[in-house]
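Just so it is clear, A, B, C and D label the chains in written order, and each chain counts residues from 1 on its own.
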Amino acid sequence: MTDFQGIINSIHDHLSKEEVKGVVASYIPELSKQSVNSLGIFLQHLNGDSFAAGDADIPFSIQSISKVLALSKAIAFEDNRIWQRVDVEPSGNPFNHLSLLELENGIPRNPLINSGALVVADILVTHLKNPKEDFLNYVRTIANDQTINYNKDVAASEKRTGYKNFAAANLLKSFSNLKNNVEDVLDFYFHQCSIDMTCAQLAKAFYLFANGGKCVNNVQQIPVSQAKRINAIMLTCGFYDEAGEFAFRVGLPGKSGVGGGIVAFLPNNFIISTWAPGLNPKGNSLLGMQALEQFTTQTKLSIF
Amino acid sequence: MTDFQGIINSIHDHLSKEEVKGVVASYIPELSKQSVNSLGIFLQHLNGDSFAAGDADIPFSIQSISKVLALSKAIAFEDNRIWQRVDVEPSGNPFNHLSLLELENGIPRNPLINSGALVVADILVTHLKNPKEDFLNYVRTIANDQTINYNKDVAASEKRTGYKNFAAANLLKSFSNLKNNVEDVLDFYFHQCSIDMTCAQLAKAFYLFANGGKCVNNVQQIPVSQAKRINAIMLTCGFYDEAGEFAFRVGLPGKSGVGGGIVAFLPNNFIISTWAPGLNPKGNSLLGMQALEQFTTQTKLSIF
Amino acid sequence: MTDFQGIINSIHDHLSKEEVKGVVASYIPELSKQSVNSLGIFLQHLNGDSFAAGDADIPFSIQSISKVLALSKAIAFEDNRIWQRVDVEPSGNPFNHLSLLELENGIPRNPLINSGALVVADILVTHLKNPKEDFLNYVRTIANDQTINYNKDVAASEKRTGYKNFAAANLLKSFSNLKNNVEDVLDFYFHQCSIDMTCAQLAKAFYLFANGGKCVNNVQQIPVSQAKRINAIMLTCGFYDEAGEFAFRVGLPGKSGVGGGIVAFLPNNFIISTWAPGLNPKGNSLLGMQALEQFTTQTKLSIF
Amino acid sequence: MTDFQGIINSIHDHLSKEEVKGVVASYIPELSKQSVNSLGIFLQHLNGDSFAAGDADIPFSIQSISKVLALSKAIAFEDNRIWQRVDVEPSGNPFNHLSLLELENGIPRNPLINSGALVVADILVTHLKNPKEDFLNYVRTIANDQTINYNKDVAASEKRTGYKNFAAANLLKSFSNLKNNVEDVLDFYFHQCSIDMTCAQLAKAFYLFANGGKCVNNVQQIPVSQAKRINAIMLTCGFYDEAGEFAFRVGLPGKSGVGGGIVAFLPNNFIISTWAPGLNPKGNSLLGMQALEQFTTQTKLSIF
């Protein structure tokens, strides 16, 4: 039997000594306060076992990781109708995200790039009675943890400086692919991204994707077929312009955020989450990606 | 001596009978109320003579034509420092204007595309004490006409629906190439574009560009060298993605607007303006371009 | 136990009656001779069982599917050094493949787009003593079938009309990312793509990717880690601009070709191949994609 | 009366002392042999006067300047039918020339970028009985100089290394916008570009464009309307991605080449040519552009 605890301990110890740790995100001022030395790893097995190393219980800003949670809720409302407003293809090109949106008539390439996540947020603003409260409750439910919360400072910080998101939302609106007010959608979106979680909470929140749509307290949140589809989207689109690299090196579906978090999983097996705030030039956690690569290399556990 | 009156009368009569008149702009709701049958032509010679045909005294929304007037005022404030924030190259590519802005780090290709005009507007908001009042006064002064005014309905209409401009302004802001608030710059910009003028007023307002920087009442508004430079920019960038076509067919520097107006001129000779609200697929007045092509063909007057 | 034979029979019968069958590729004149009514399915299980339906024993042009076989051989020579000359990211943008190559200094996005496959071909031309003979022998070996052959007519047909490939090869050469003569690389490449295989042969040739690098006659052709990496590339890049869609709908790594073939597999389980010459607008076999979607839906077998 | 000789002498002397002289083109190996210290200026007035300074009688490779001469000959054959195969808009975007060609279905943006010049070359190969001989004779005729010749070494050098032109020609061929063999068109094109001329010869060859289509020995080579159109294209497209800058700073139609030559003119007045092999980062002669800017600043002679 695999010695998960031993493996993640050893990876944690090894990577803690790395000198090159990447650069903490500064474009959201609040995020720049994080320490580049934080490193947490958490593994939640579907058999109930769990394993922690390092800063696995310190909350951090999940940022783009929230896009997957929002997507799962939007699909619960819209089922396959959602794909009329957002595609499922990798975005490929780091140079011209807004231009692709222009070229493709306001249909974002996938729900995990910012423009696509804004369409998803718009759907939730349409369907949820009290969007911010209701979404937070959904996240608390699937993670089975009532202590999860928004970080108001981070949300406010992003609202003050998130001009690229304002640009994307207005461009979507110009193509009539945003039904609600730009301000309402962005207010919801900045809150969604500002959720704080620990590695442990994050692994539990993603339990449903590894478990055919059933969350950690065994409620079927989305059909198994939709869980598989979201997993496919994570694999092809979950790591900005580095999705291919992550599939290639790690071989698991997952999602990263600029707060330094990554969560990945082997369907029907386990969820593993990491947190290390230093990012590589493509915006993914430098040590997090290394930790996951070492983990799948040592355990030989991957979808491939 | 050239029979200007005879020539513009004949062009007016001929084009009035054209069945294909283009499509009136509808993206700004207020503009869609214009009649496709309007057609005005006005010629102001620098020797003082002037010639009118058709609807030359009916006011229309000058829209993008205002960008040249704003540019001349911004240059009066900033001289060549302005070129640190906006380039002077044709934009070339209709498919990805916002993307070019991303690729080129927030420096718009030229001051006559929307993103460039927003930078110019930002400069005026910085320098003018009461931006809207002061700019209107400038326009009234150079055109020597105190009756020129903003059209508040058009400005409000564009503010409600101008999502692409909101997108561009926020993208500029994300590159720190907008110093004032997005809302303030856009409020000014939508007013600037909403100015109503007749063909006759428009020809007078552009007198300074044909006359080495001296406006119609003989005041040197900008140095002769700057007037020449603005003229060069009009020639290479004044007609959206059809600047080459206009230079090729008409051979005069000029500027068009989606309200259906065009103004063009032969330096040291004359200014000619046309108004016909039906646009061609590239957004320029269909009959206006034909009128000007016929005019330079018949008179053999062009810069080439 | 899953009734594979029953399932593929039922899918075959059902899809044979579809009226919309896609369009047979015509840009390579020889391929246009194929019948849109052909439909073959073959499943090779790693336990040795195999199942066939329809035209599973009729040879067809494997075209781009050959890129994976060439990649596996190039990796055998160059190991990870190959990634200095080609990246592993999805290409994303159907509009400007050559432009991405220009923007990214001649480094193709991945080895399964044409430009990347040309770099792989260049590597084989460098390393193989008699490139065409040696590569054919490699394919025969891994498929354990000495009857597999090039289709000289198809190779010649593509050589006469493959101007886009000539363009891509010359562009690569301009960036010094092609070491051999353009003509030599293209001659090899057109032959590589012209290989004829049946569904049955194709499934056997891809056995090694589903089997940790060991081919059907149990020889370790590439290390297990490299097999996993190639599988990841197939998943993220194997279906032109529809890789996300295939992962989303089918959930298996695989590769398609404009000859109408698709091969996909569940690691450590089975390989399934289909052939139906009618293509959808994105260049993938229309019925083939439907067959595979129905197969994974009915069997619930996917990597997600 | 303007002291042309004094002005060009003074500009020559001043610029000769500049320390920053740009970088001699090296992508065509033969061109890299030129001295960065060469500097020639020649002015041919339409009244017959001419003025020379510095290396005005040393031959250099005219390269892209030849595109204008080829265009004038192609228009003589095809008149306005040529515009069905090539557009007249500035290319704008330095990042993706080949991509624009893909996006726009193989219609080059204008006849002065490489892809457009290849279409022009294709037209000449179609119409001329002995393309290379006949084109050379045309150039000799319009310049009234039988000593002008191809530089076989330069042509051969470009043929060996001109992979980007091979790429462009094949891409055009894939869109059926090249009627002759790629090799034949490129052979002609590389010869066309390899013509050697002195500043004096170049000014005379462009006499027809400044003189309403009549060449230096008074033969009407093209109609006056076509001469004006070619002049407009030179102004909007003659300086790669710096056409706007040249119009802005110099204010004359003209054309540059990577051999370091520039020719520009004021219609009905004069032609001025410069040669200085050091290029700026955008591929135009650094000292040549400065010389022309100083010339139009001092003489106040420009089309604006």
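Criterion: a residue touches a chain if its C-beta (ideal position, glycine included) is under 8 Å from a C-beta of that chain, and two chains touch if they have at least 3 such contacts.
Just so you know, these numbers come straight off a predicted model, no measurement behind them.
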Shared chain contacts [chain B and chain D, defined touch]: none
Chain labels contacting chain A and also chain C: none
Greatest separation from chain C - chain, by CA centre: B
Centre-of-Cα separation between chain D and chain C, whole angstrom: 46
Chain B-chain C separation of Cα centroids, rounded to whole Å: 54
Junction residues of chain B - those touching two or more other chains: 95, 100, 103
Pairwise chain contacts, counting only pairs that touch as defined: A-B, A-C, B-D, C-D
Residue ranges of chain D in contact with chain C within the complex: 95-100, 102-103, 163-164, 166-168, 170-171, 173-174, 182
Contacting residues of chain B [partner chain D, same complex]: 87-93, 95, 100, 103, 109-110, 224-225, 227-229, 231-233, 235-237, 241-245, 247-249, 251, 253, 267, 297, 300, 302-304
